[in-house]
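Chain lettering (A, B, C and D) follows the sequence in which the chains are written, and residue indices restart at 1 in each chain.
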Amino acid sequence: WLRWPIHYRITIFVLLIILVFGELISLVEPKEFPTIFDGIWWAVVTVSTVGFGDYVPKTYLGKGIAMIMILAGASFVTAYFATISAAAIKRQNSYAEGAV
Amino acid sequence: WLRWPIHYRITIFVLLIILVFGELISLVEPKEFPTIFDGIWWAVVTVSTVGFGDYVPKTYLGKGIAMIMILAGASFVTAYFATISAAAIKRQNSYAEGAV
Amino acid sequence: WLRWPIHYRITIFVLLIILVFGELISLVEPKEFPTIFDGIWWAVVTVSTVGFGDYVPKTYLGKGIAMIMILAGASFVTAYFATISAAAIKRQNSYAEGAV
Amino acid sequence: WLRWPIHYRITIFVLLIILVFGELISLVEPKEFPTIFDGIWWAVVTVSTVGFGDYVPKTYLGKGIAMIMILAGASFVTAYFATISAAAIKRQNSYAEGAV
């Protein structure tokens, strides 16, 4: 899959981070994150650096997992945001130039 | 409108995202977002990744809409922030060089 | 001052945004922001997109001012973050190459 | 250490900011940040601009330290996010081209 366009690979990677860490946090802190959906919602809100604060890990283990997700995962979300918008702008410019 | 400068198009696109998702969330969760103004305020705060947490969707549908807005919309706001500041810097440099 | 390096000008511009909007919000919403220091603290937290949610405007006018600050100001803070880190990296590389 | 790759140096710098400011805030506001772990958790959440709002400094000194960390430190975290993701993308492309 290394031949796929870079924004496809980053999108899949970002979705994987959200699913893995969302499920992980709901396993580690079932009291704060009762369902996997709660975990995924928290992972999207955190890794995008929105951070509403409606769900927050309370234990050392939960906070440790969250710190790893923020420091490792947020860089891919930054890359995701940058490549998605770059791809959209490029496609628009291609239309404008009549190349598509 | 594809011939317009890129930062005009992105500005209009960002304002459209804010208006559409702001109205949508106030329709879907009228209890948490009583007026459309509340929805627009929440959309600006969320899509810019500020995320105060004063307004947060509570239902599955509301959270689903919010996740789509964050993952799809925040990339355009990132592009918006980057192009607006690039345009401002360019204009200042043009003044400095006496080109304008 | 257009001959000054770009990261000096952006730093001054960002500090101006923080001071002006910090004072403005404490004038418009004295109940939520009792002192100018509270307003400046809120402006730094908001314009950097940290958004703790400890101080949040409650009135239409306060939220309107905040939305303008976010949509107009955050782009300059993005530029500020980018140029400050670029300048720091450049200086380190210059040292490494023995050019300074 | 100026000969090390740029993303190594930035990673170390970001970890230093987190450790120094995390310990500093727990010394200055022991009531809000009872342990150094609480301080480090808050520093990671703040400097990444997630900003949950579960821990917030309450005193003038604590808020002053936080503002310095946000305005000075967040630019390095932005650079960290950008270089980490750029390094990851480059390595993937090298694999794809069969160069590694």
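Criterion: a contact is a pair of C-beta atoms (placed from the backbone, for glycine too) under 8 Å apart; a residue touches a chain by one contact, two chains touch by 3 or more.
The model shown is predicted, which means the values in this text are computed figures rather than measured ones.
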Give the chain pair, either B-C or B-D, that is connected by more C-beta contacts. B-C
Same residues or different residues: which describes how subunit A and subunit B meet, taking over half shared numbers as same? different
Selected pair, out of A-C, B-D or C-D, that shares over half of its residue contact pairs with A-D: C-D
Which whole number of Å gives the spacing of the CA centres of subunit B and subunit D? 26
Centre to centre, by mean C-alpha position, how many angstrom separate subunit B and subunit C? 18
Residues of subunit B that touch two or more other chains sit at 49-53
So in the complex, which bits of subunit B are touching subunit D? 49, 51-53
If we count contacts the way the header does, which residues on subunit B are in touch with subunit C in the complex? 14, 37, 40-41, 44-45, 48-54, 80-82, 84-86, 88-89, 92-93, 95-96
Where on subunit D is subunit C touching in the complex? 2-3, 6, 9-10, 46, 49-53, 56, 60, 63, 67, 70-72, 74-76, 78-79
